[in-house]
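A, B, C, D, E, F, G and H are the chain letters, set down in written order, and residue numbers restart from 1 in every chain.
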Amino acid sequence: MKKHLGGFCDLGFAKIDTDRINRRGFPEVVFAQGKTLTQLKEIARTFIVSNHPLILTRINQEQYKFLKKIYPKLKLNPLGKIAYLTKNNIKKIGNVLIITAGTSDIPIAEEAAVTLEIMGNNVTRLYDVGVAGVHRVLDKKELLRKANCIIVVAGMEGALASLVSGLVSSPVIGVPTSCGYGANFGGLSSLLTMLNSCSPGVVVVNIDNGFGAGYFASLVNKGQKG
Amino acid sequence: MKKHLGGFCDLGFAKIDTDRINRRGFPEVVFAQGKTLTQLKEIARTFIVSNHPLILTRINQEQYKFLKKIYPKLKLNPLGKIAYLTKNNIKKIGNVLIITAGTSDIPIAEEAAVTLEIMGNNVTRLYDVGVAGVHRVLDKKELLRKANCIIVVAGMEGALASLVSGLVSSPVIGVPTSCGYGANFGGLSSLLTMLNSCSPGVVVVNIDNGFGAGYFASLVNKGQKG
Amino acid sequence: MKKHLGGFCDLGFAKIDTDRINRRGFPEVVFAQGKTLTQLKEIARTFIVSNHPLILTRINQEQYKFLKKIYPKLKLNPLGKIAYLTKNNIKKIGNVLIITAGTSDIPIAEEAAVTLEIMGNNVTRLYDVGVAGVHRVLDKKELLRKANCIIVVAGMEGALASLVSGLVSSPVIGVPTSCGYGANFGGLSSLLTMLNSCSPGVVVVNIDNGFGAGYFASLVNKGQKG
Amino acid sequence: MKKHLGGFCDLGFAKIDTDRINRRGFPEVVFAQGKTLTQLKEIARTFIVSNHPLILTRINQEQYKFLKKIYPKLKLNPLGKIAYLTKNNIKKIGNVLIITAGTSDIPIAEEAAVTLEIMGNNVTRLYDVGVAGVHRVLDKKELLRKANCIIVVAGMEGALASLVSGLVSSPVIGVPTSCGYGANFGGLSSLLTMLNSCSPGVVVVNIDNGFGAGYFASLVNKGQKG
Amino acid sequence: MKKHLGGFCDLGFAKIDTDRINRRGFPEVVFAQGKTLTQLKEIARTFIVSNHPLILTRINQEQYKFLKKIYPKLKLNPLGKIAYLTKNNIKKIGNVLIITAGTSDIPIAEEAAVTLEIMGNNVTRLYDVGVAGVHRVLDKKELLRKANCIIVVAGMEGALASLVSGLVSSPVIGVPTSCGYGANFGGLSSLLTMLNSCSPGVVVVNIDNGFGAGYFASLVNKGQKG
Amino acid sequence: MKKHLGGFCDLGFAKIDTDRINRRGFPEVVFAQGKTLTQLKEIARTFIVSNHPLILTRINQEQYKFLKKIYPKLKLNPLGKIAYLTKNNIKKIGNVLIITAGTSDIPIAEEAAVTLEIMGNNVTRLYDVGVAGVHRVLDKKELLRKANCIIVVAGMEGALASLVSGLVSSPVIGVPTSCGYGANFGGLSSLLTMLNSCSPGVVVVNIDNGFGAGYFASLVNKGQKG
Amino acid sequence: MKKHLGGFCDLGFAKIDTDRINRRGFPEVVFAQGKTLTQLKEIARTFIVSNHPLILTRINQEQYKFLKKIYPKLKLNPLGKIAYLTKNNIKKIGNVLIITAGTSDIPIAEEAAVTLEIMGNNVTRLYDVGVAGVHRVLDKKELLRKANCIIVVAGMEGALASLVSGLVSSPVIGVPTSCGYGANFGGLSSLLTMLNSCSPGVVVVNIDNGFGAGYFASLVNKGQKG
Amino acid sequence: MKKHLGGFCDLGFAKIDTDRINRRGFPEVVFAQGKTLTQLKEIARTFIVSNHPLILTRINQEQYKFLKKIYPKLKLNPLGKIAYLTKNNIKKIGNVLIITAGTSDIPIAEEAAVTLEIMGNNVTRLYDVGVAGVHRVLDKKELLRKANCIIVVAGMEGALASLVSGLVSSPVIGVPTSCGYGANFGGLSSLLTMLNSCSPGVVVVNIDNGFGAGYFASLVNKGQKG
């Protein structure tokens, strides 16, 4: 019962936004979490048939293996839980720096990193440089200054976003994570920290939303180079 | 007891970050709210003497009148509550669009607008086009598409940020406002709405933080044109 | 120890409200979640013996299979998790439109849909038309306008309810869902969005309460046709 | 700088939704709270010139007196804080019952009542019948049963909405109010009570949102009679 | 390393309050949840040796079976999850009525009931009489009036406590339960409802705290008869 | 438009529950806060005419002076903000002890004390004995043990209720107060403390609800002596 | 009705803990906020008569002027809102460093500073060195390292406590302040930040509790020197 | 890809802060929770090679067994979930007392205790002396007074910290735990209690943060003896 009308493809349970690439410069990305295998199969086919790149975030092992059988070229970033089937030779431009406060924040950072790479951005990673040992990030000022845009991924108290922002002239995107326990309240502490940043130049996305940070950073980075 | 060492000017009660313009490309901006007249006078003098532009956010009438007597050239945007004393002929570039959902959101929008203009950006205003009458914003698609960066200022349910983002390829900065009542909880409803946006390309600043949104938008807009 | 007195049937652990059909026009509906198999068996028998339609919401597979053996005609909507044993030929009237923002909201939408159908209402489904691609819902204005009542089911930022309400003259019932993560806080973001709607004509039920929305919509739709 | 294009009238600081009466069957209503006298004057003129009824909610004494001088026929419901200038002889139909739990809830109830009356509905008032003395509402079963739609306005624990709903076949709209203190948390307790109603047939609007409840009730009541 | 000094018995990991029966009229009751089998064995022995009644709340199957082997006379109320080894012929006095709003609230009600019975109180049970069908509780006014003290156990909106209190002269103890979903927030809605009761004569214990309600009711009931 | 039917007196804006004394053993008490002078005058007359004691809680100076002119015998407890006009020679029985943690909690304690005295209970006051100096309350064990019922009024961390309860065999009613600042969150900290008491025998009323605590304590104290 | 028994002085409305100096090494300190002039006069006299130092926190102008007339030697720190009458020549030892993130945090810092000075500690002040310009605090490493104990006072995102702790071997006491707006929620953001510090060696006191931080720091600093 | 530069060792996914022992007097401690076995192996090797003591908090059985095979001398405190490989003969000094309110708080207390012992402090344990039987802690005043620093670990209402603080002159560190249920909200009640302590001399760490409390207590205790 597929129908292509008015800029979307109607699968009944989903309306694939086939117009998005024209409107927004990048096709729809599929949020795999909670979708059935059958739903994913139908959605995937729609993208492939339309010749759109297929990107699935928050995919689990079972979902990935199922689709991998159908589309053997489907790739996976296991840390970032993103699967994708895109043209091979996309040219990467610019420079986005992704920083984490701790080791536990890396999966969310990788979600951002893969998103950026698929969208054609160069990515630099700087992991585990939280404020408990501030010399680690101060030691990398050169990296900080060379970035067009910086993503800071941090759980617990999330203080790193303000600190980094205070050192650079580029825009900083804060990603609070749910890493921590107790009065962390599932990422609330880090979220509030970043929202209340005393350093201008910081914006925030949802807790654990590496994809959203990567997507936004791509808009900023590519705009600067376009 | 003023001391200029190590990149800041020490007034005792304040350490003016005189190095910021080198490090970040723009000087420190003064948060006037809660500061005494004496403190403001000393801070203002430090900026003037250092030949830095003086910008004061969240300034009230009493504070403005006091400083106006000392610096007659000090200007005020009364809606945005920003006073400034800057060089006259800064060239404005690019294009940032500021949208509000309602009339009550305009003061926060103006805080963003003045910030952008002082920082050298062209600003377009599109006010009172909330989702209760979506044809008002759809009617302005041309404006939306011409912007390098869009700021959406909205209280109550804050739904406008997602909607606008879904129509454009440029980055969207959401500013939740405290306009509303009851289960708005001082802007919490709008804040959560924007953080949970289903549309990639939206980031968020603190509730009522027009200045922060304007500052960040300037980084994006000027990067794109630089 | 069953007793039929004063408008209810006393099973000890439950008092079946046998008077409800007189008082409210529709019999009691059983919330199956958390009830033991023995409790469900006794409750079901009471309904069957009283010649009332038997409807069980939030039923799980084990509960359904157990009752299905006893009452082979018991039907199940597996997505909506509603089992029911009702007269076959109830006439359906009017028109209630059920809209979801995303694919993950469909189970809650189906809970509403089955409730409406059992109560004798025509239902139209329009799924996955969230504000990230607003053209999908604008494309269906005809469907929107033909409905007597509209149910909007949405998680994440829940912005769709306000938008739809702004397009129609019929009443809109918002169902926030717990779909999302991070600052969604189990549906709180969507709930607050809908409660703070800037568009008059929107009311809200509990998070994930598809049954409640369907029940209320039936009252509205049937009133309009009665 | 007024412009009438695309279904709205552009005042710069406001875009009056002149198309709303066609689209939704009722014109835009003005939320006066927080608007300046100048803004209100311009908005009012737009409505009058367009020959639309003018309705202003949450208006304060100063605002009312200012507009009253310009439009001497402007009427005020002082409890409900609604001012209006409408055609005199609108025919009222149907029957909406408005119930309050306490005396302090009456201003919100009156906001709903005036809204309903302006929109052409008959209103019955039943005030101060909270659950601490349930005989008061049970004594009025006749009133309850004659209503097409019932609005229950309650602060504190807000229990009245469920109770009333359990007695009737008509839809019930709950309006939590901020009346109370301590763990009432500005109306949160009453809001949560109504959202968690164990009685199907109850929906909820924002805390203290009498206007929203009245507007929605009008859609239900007039649908039933149309 | 057991030591009996200063009114308690020191087991290292626990200090059994052996003086409590003198001070408070009833011995310490053991909160079994989270304790290891070894800890429970040592604690149980201390009570038995001291000739105190042994009562364990929130005991799970594994814990019960383990202790049952050692103390074959240990009894269990499986719904209320209380195990106890007390003298057989305690005389019961007075009359405490325990009411639940729904069937799912019964386990918490049974925790209260067993506590009361062990402490020597007569208990009457009235289950599943929530406000969605208020005739069920109004039908039992005789039961309500005969009680010295009433415990109302209710989840979801928890409205029953206020209603019952409004009908009687005896004190009412509200026990909010975590039964419900969505905006119930783990029992918060019911807790706030009961705390904000408009009916004087209602007090509240922690969410799901059947034991606490039973204990307090015993103090009230036995005082009245003492 | 006064009507005496069905156990209440209908003033339109209020339905005085004239049956309450029969049903509950004590007449309705008027919550003065937020009521207009006219409303209070009409309500007061209804009570006087019906020969019921008149009790008004949370009354302010203006309200009291207004009613005092009409009823010169009206008395006031200025700390507790309760005005009352009752028969002079009510016999007081039993013994309720009211304890506060600090000096700032006294107004709420006095609200409870006056309520108890009007209802015919002997009251003992023990003020400012919080846990920062626990010897102060331990020094008064004799007072604690002689009470039939104890009310503990405490803001800040509210720890006193648990401590007192652990020393006595009588029931303890905790009244959290809003005294404090910062993470006190308007009394939330004290409320949660008392709800989570590790000492059985503690129940809780709303924040700052001295009246409710006094009312409940009267039921307990008089039951014990009746 | 003053009584000196059992280690306290009973004023009725207050029980002065005269034993505290023996038990805890420092006398009771009076929380002036909310106390009446009469209460303060009686309390002050008790201290003076007992030859104890008199210290009053959160004192307002009216209270201070009233007591100043009676005790002309009473001193005031107007920023910290502490009045005190102590022996002149207390010897100060050790070194406590007090740091603020911003200028607005100074009043809370001064509350801590005066407390420390009265208790006999040397205090060093380092104000306005928040993370937006981290070079300001890094420039003062010498000051940081020389302190026995550091108090960090910060509102907004409160990130400074973790950063400072990561640089030193001395214990850090975080004081979140309510400075900020929007999602600061009265200091909650800063409080959560400090509680979730990724740097070991940080503890936290209540929002705006400068006195508590000063008191605790004195225990640490003097212990180290004792 | 290990690199030792600028005071840290760069493993890519982690930057081990090898400078910390110089800067802070104690090396970095590894938070094992959420780390992979491979990550732990690499991190452990870095510590061993650098001749630093290896300490891992929140380690689970699988992680411990894996590392135990590689480093057979690795020890485990199973209750406190801390594994460590340190020099055997560290001299212990001073005296830190660790108190718990209940038996369920012991695991968190042990986390603090092991931390203290590894850092070279004498520890005294006093478990299960909560305020429900205050004689248990009053009986141990000698222990309280001999401590240089006291850690109070308490869930539920967390009242013990204030009480203990009121008895001693040494500093008290409160550790709220998540033990409890219902309105405990994962430790929030205990956290707020301790933050609002009316007794000066109490500071707080994160919920369940035994390690942080132990670390801070070591700084205090060793300072006092150094």
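As a working rule, contacts are C-beta pairs under 8 Å (C-beta built on N, C-alpha and C of every residue); 3 or more make two chains touch, one makes a residue touch a chain.
Everything numeric here is computed off the predicted structure, so don't read it as measured data.
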Touching subunit D and also subunit G, the following chains: B, F
Greatest separation from subunit D - chain, by CA centre: H
Inter-chain centre distance, subunit A versus subunit C - centres from mean C-alpha coordinates, in Å: 35
Chain centre separation in whole Å, for subunit F relative to subunit C (CA means): 44
For subunit D, residues that touch 2 or more chains besides their own: 102, 132-133, 166-167, 182-185, 188, 191, 195-197, 200, 206-207
Interchain pairs in contact, sorted by label: A-B, A-C, A-G, A-H, B-C, B-D, B-G, C-D, C-E, D-E, D-F, E-F, E-H, F-G, F-H, G-H
In the complex, subunit A residues that touch subunit H: 102-104, 106, 127-129, 132-133, 135-136, 139, 179, 181-185
Subunit E-facing residues of subunit C, complex: 5-8, 12-15, 17, 19-20, 28, 31, 33-35, 39, 176, 178, 186-188, 191, 206-209
Partner subunit C, residues of subunit D touching it in the complex: 23-26, 29, 148, 166-171, 173, 191, 195-197, 200-207, 211-212, 215-216, 219-220, 223-224, 226
Residue ranges of subunit B touching subunit C (in the complex, touch as defined): 101-102, 130-134, 138, 156-159, 162-163, 165-167, 180, 182-185, 188-190, 192-200
